[in-house]
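Right after this note come the structures.
You will see two complexes here that share subunit A, one where it goes with subunit B and one where it goes with subunit C.
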Partner chain A sequence: MKLKSRHILALEEMPREDMELILDTAQSMKEIIYRPIKKVPTLRGKTVVTLFYEPSTRTRTSFELAAKYMSADTVSIATATSSVQKGETLKDTARTLQVMGSDCVIMRHPVSGSCHFLARVLDVPVINGGDGMHEHPTQGLLDMFTMREKKGRLEGLRVAIIGDIYHSRVARSNIWGLKKMGASVVVSGPPTLLPPEIERMGVEATTRVEEAVRDADVVMVLRLQLERQQRGLFPSAREYSRLWGITRERLDLAKPDALLMHPGPMNRGIEISSEVADSPQSTIEEQVTNGVAVRMAILYLLLGGGEEK
Partner chain B sequence: MVTEKARIMDEEAMRRAITRIAHEILEKNKGVEGLVLVGIRRRGVPLAERLARQIEAIEGRRIPVGSLDITLYRDDLTLRSDHPVVHRTDVPFSVQGKKVVLVDDVLYTGRTVRAALDAIMDLGRPALIQLAVLVDRGHRELPIRADYVGKNVPTSRREIIHVKLKEIDGEDAVVIEEVA
Partner chain C sequence: MRLRGNPEPLLIRGGRVIDPAQGIDAEMDVLLFDGVVRQLGHGLEADGARVFEARGMWVVPGLIDMHVHLREPGEEWKEDIASGTRAAAAGGFTTVVAMANTKPPVDDASMVRSILARAAEKAVVRVLPVGAVTRGLEGKELAEMGDMAEAGAVAFSDDGHPIADAEVMRCALQYARAFGKPIIDHCQEPSLTRDAVMHLGYWSTVLGLRGMPAEAEEIMVARDIMLARLTGGRVHIAHASTRGTVELLRSARAEGLPVTAEVTPVHLCLTDQLVHDTAYDTNTKVNPPLRTAEDVQALRRALAEGVVDAIATDHAPHHRDDKEVEYNYAAFGISGLETAVPLLVTELVHAGVIPPATLVERLTVGPARILGLEAGSLRVGGPADVTVIDPGLEKTVDPDRFYSKGRNTPLAGRKLRGWPVLTVVAGHVVMREGEVVA
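Presenting the complex of A and B:
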């Protein structure tokens, strides 16, 4: 079994077979996280570098731990304390890391398409940890893993994504992935935060959150990026919360066994109430665990084999 | 092209071998106290289940059975360009202090068993580990031996031993195949 993709850059481009292979492999990897000795020797001697130009708790730590559990060596570059501050270019930074023996580079960068650029200038596999507003493929995969694990399938699920869709790479990756796997997606948010013609991605769009969550199998809540308020995209966090915040009442409009998801970090009380975030329907913590399993699977499938003959 | 050369065990022969191995395990370990079976995926798992049922029939007690996937512990991953499929390891009990009997269908170079030993050690510290195999075909590349053997079958390296199990292949048989 082999991935068709050489890199993990975008779910828009990833063949369905690759998604299924990653999800199936992650299923088998997940139990390693619960062992007393969280270590398998598979990637011994491989070096994985995370290069993060934006802050991150979950994604970066998740990749680091996934690599360490597989016995790989890891290096994490936080660009705030690196020579990027001296003006070093992305290409030079990445190639410097490559020639030190890195086997894989995981990057998060504020510019959409930056990981595609990196994949062209490096010889090693590149994993997109989030590029601008474009995609966050490993988040999409772990979200789909969570849904598939809980619901037994992705085909035919109705998934509602609520929040700032315009700026969300998480939403985009989820939309591409879910559509490819046969689920249907409806998005909702303030009109200023819904991309124009989003329907062209094959999703329903509504500014009324009640319409979106009604009879949904999954309600996925996105973080309201409060800094957007400075740009006048919404009047106040309180108004957003009143109109689009996912509360018990709104969640009850979905199916009774609907999943409540959030990529994290949460603004409790704004886009999501603590009541639902901490309820049995919430998969928020399990998404984080699943993220490690999915990233272990990706590292295994990218690095765990031999050279192309 | 692969052709079947000979059928060296039929359903009856397999049943008798498993019965005998079950008795041998109980004799050597003086009963079921602290005894657990761990089948090596894939075909070791149904064999371990059959042994557990035999042991239950003899001693009246059901012992724990786990399944071990050794893909992540293989020593040949960097030599392959494709990835073996990873299945789940499911050992829902502690191996600490237990007498673990590893179960596999065929013992050949011994590298699978070496990987299984590493995998078990990562789950805890057993009191001892023994090995039960249905067929030992020789050609060891590591100093590994089985404690319980269904049948010794000398083979050449061009031959393939294929253990067919009802649970996976729809029939019970051990066949020798040759690569033409």
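Presenting the complex of A and C:
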């Protein structure tokens, strides 16, 4: 089986078959992570570059471990110490990496659409590690992987996504992915953090968090970016927490076996209470493990690991 | 213009002459002699005149683009007066109105004279300068509009920068009354569009780009209309782009206020969905942004009804370095002179939205009336500025063949039907069959 997609840029444009193939492949990759010796030779001789224009702990580490477990070489470019500081354009930086022989570029960038731009100027596959407020497709896939693993299916699930939908690339990727897989999605947050016409993406939207959470199979809490407060989009973290924070009481409105998810890093006590974050319903740590498995699957499928086997 | 000497007599034969200023739409010959229109009629003969066979073509007054950015002085790598006016000639325009936001800006009489002097040396079409409303385009102190009007400025505008301070706008409108010139305003409430790069709506939500609400434009249009009522000064709304703006203009017109407006070809033909469908092509980034299909419909209706007086390109050439970057970092603007006519003929005339006479009106006598120009008609004795358009000619837009230095267009690769084939300025042929010959 091969992917139809040449790049991993956005779940909006990824066919359902590709998502299914990635999720199925990730299942067998996950088994490698639990081996005592986590190294398979699948991508030996391949070089994967991570180019991160924004800080990241888990996404970058997750991609690097995924590549290393399959014996690829990894190079990471931190923009704070690179020629970017000397004013080099994204195009020039990326083409430089390409002519040095990298086989794949994984990029995180603060501007929406930057990965599409990169894919136009490079010949090698590009993986979007999060572009501005647009998408974070590998996060969407690992979230779906987690739901599917725990619930046995995605079709028919009711997923509530709570928080700053407006600025969230995680929300957008989950919405497109889940809709394509047959789940239903409801989003909730302060009115200033719900973008216009979000319903046209095929979701319900409500400012009443209880309404969104009620009878949900999955409650996904987004990170509140506290710098938004400075822009006047909400008055205080305290009020946010009181009106939209996910607490035991609110989580109890969901189905009894509902999953609680968060892409991390968490602001404990603001968008999510520690009581629920550390409860058995929480999949937050497992999401991280699954992230490695999903990224292994993507690298394997994109870099033609299949042909050498 | 650098066109010198007496032009040869030229007989444009057998075309469909469309001159809305005179109410003409009929098959006729046009004889140009000594830089003026000598004769309109049937079966004209002229010894020694060159003949252009225009059967099946539209012969119209030289087109006027009342909103272009020629980038000279200061940003000549993007465009200059020579390249920009060649682009105009290629696009069928015989007069362009050059905005004041050069570097330094055209904010005093010496700068107006400097633009006219450069144009006299290098331009192949007529260049009419706009003067700034405020010194340095800073929106604070009025520029010397009287001096600039005497030096040849045809209007005043801080285009590129909205005049945010209502008191400054009030004074500008009041003061400009003394010279009978309009203030052209780029209407946009800046606090509502900070960091925004496209229209606020469904597609900005999908793309995760910051959006400019239509209301940011409409708030300032409404303010300007009220200030026109207060002062009696003439307001011209640059690049109207929303349905709400159209409604405001309609009621201002009904009230008889001195308010006019223009719309660009791209805002009449493209929508914000293009940003999505081109996967963030920075050539779709323009200010005001491409709006929704409903806005396009409203603008088209306004154009047909005359609520919008003029079509202007807002030709905004940029170097590829300004566009080959991330979407948020790219410059706003589209290079528009060389695609305007075929886009409008294809999307509006061939599609049956407006008749050719309306299109010609909005590109000739419409802007001429706003600016008080003699151009815009083929009346006998008037300047021999003529454009011939072949409505059946089909070509693909190829930015690499632009005369403009700005190749920034979202229309690359589009097949369009209805291209200009002859441009005549003061009797001189400056473009023939798409080739600039001046």
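Just so it is clear, the second predicted complex is superposed on the first by the 304 of 309 C-alpha atoms of A that agree within 3 Å, B and C clash if a C-alpha of one lies under 4 Å from a C-alpha of the other, contacts with A are read in each partner's own complex, and residues count from 1 in each chain.
We adopt the following convention: a contact is a pair of C-beta atoms (placed from the backbone, for glycine too) under 8 Å apart; a residue touches a chain by one contact, two chains touch by 3 or more.
Computed from a predicted model, the values in this text were never measured in an experiment.
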Partner chain in contact with A:29 - subunit B first, subunit C second, else both or neither: first
Touched partner set for A:301, first subunit B, second subunit C, both or neither: first
Which of subunit B and subunit C A:133 touches, first, second, both or neither: second
Partner chain(s) touched by A:117 [first = subunit B, second = subunit C, both, neither]: second
Touched partner set for A:1, first subunit B, second subunit C, both or neither: first
Contacts of A:230 with subunit B and subunit C, given as first, second, both or neither: neither
Set intersection of subunit A contacts, subunit C complex versus subunit B complex: none
Subunit B contact footprint on subunit A (complex, rising order): 1-2, 24-25, 27-29, 31-32, 35-37, 39-42, 70, 297, 300-301, 304-309
Interfacial residue positions of subunit C with respect to subunit A in the complex: 200-202, 204-209, 211, 279-280, 321, 324-329
Residues of subunit B that touch subunit A when the two form their complex: 69, 72-73, 77-90, 118-119, 122-124
For the subunit A and subunit C complex, residues of the former touching the latter: 12, 89-91, 109, 111-114, 116-117, 120-121, 131-135, 169, 172, 195-198, 200-201
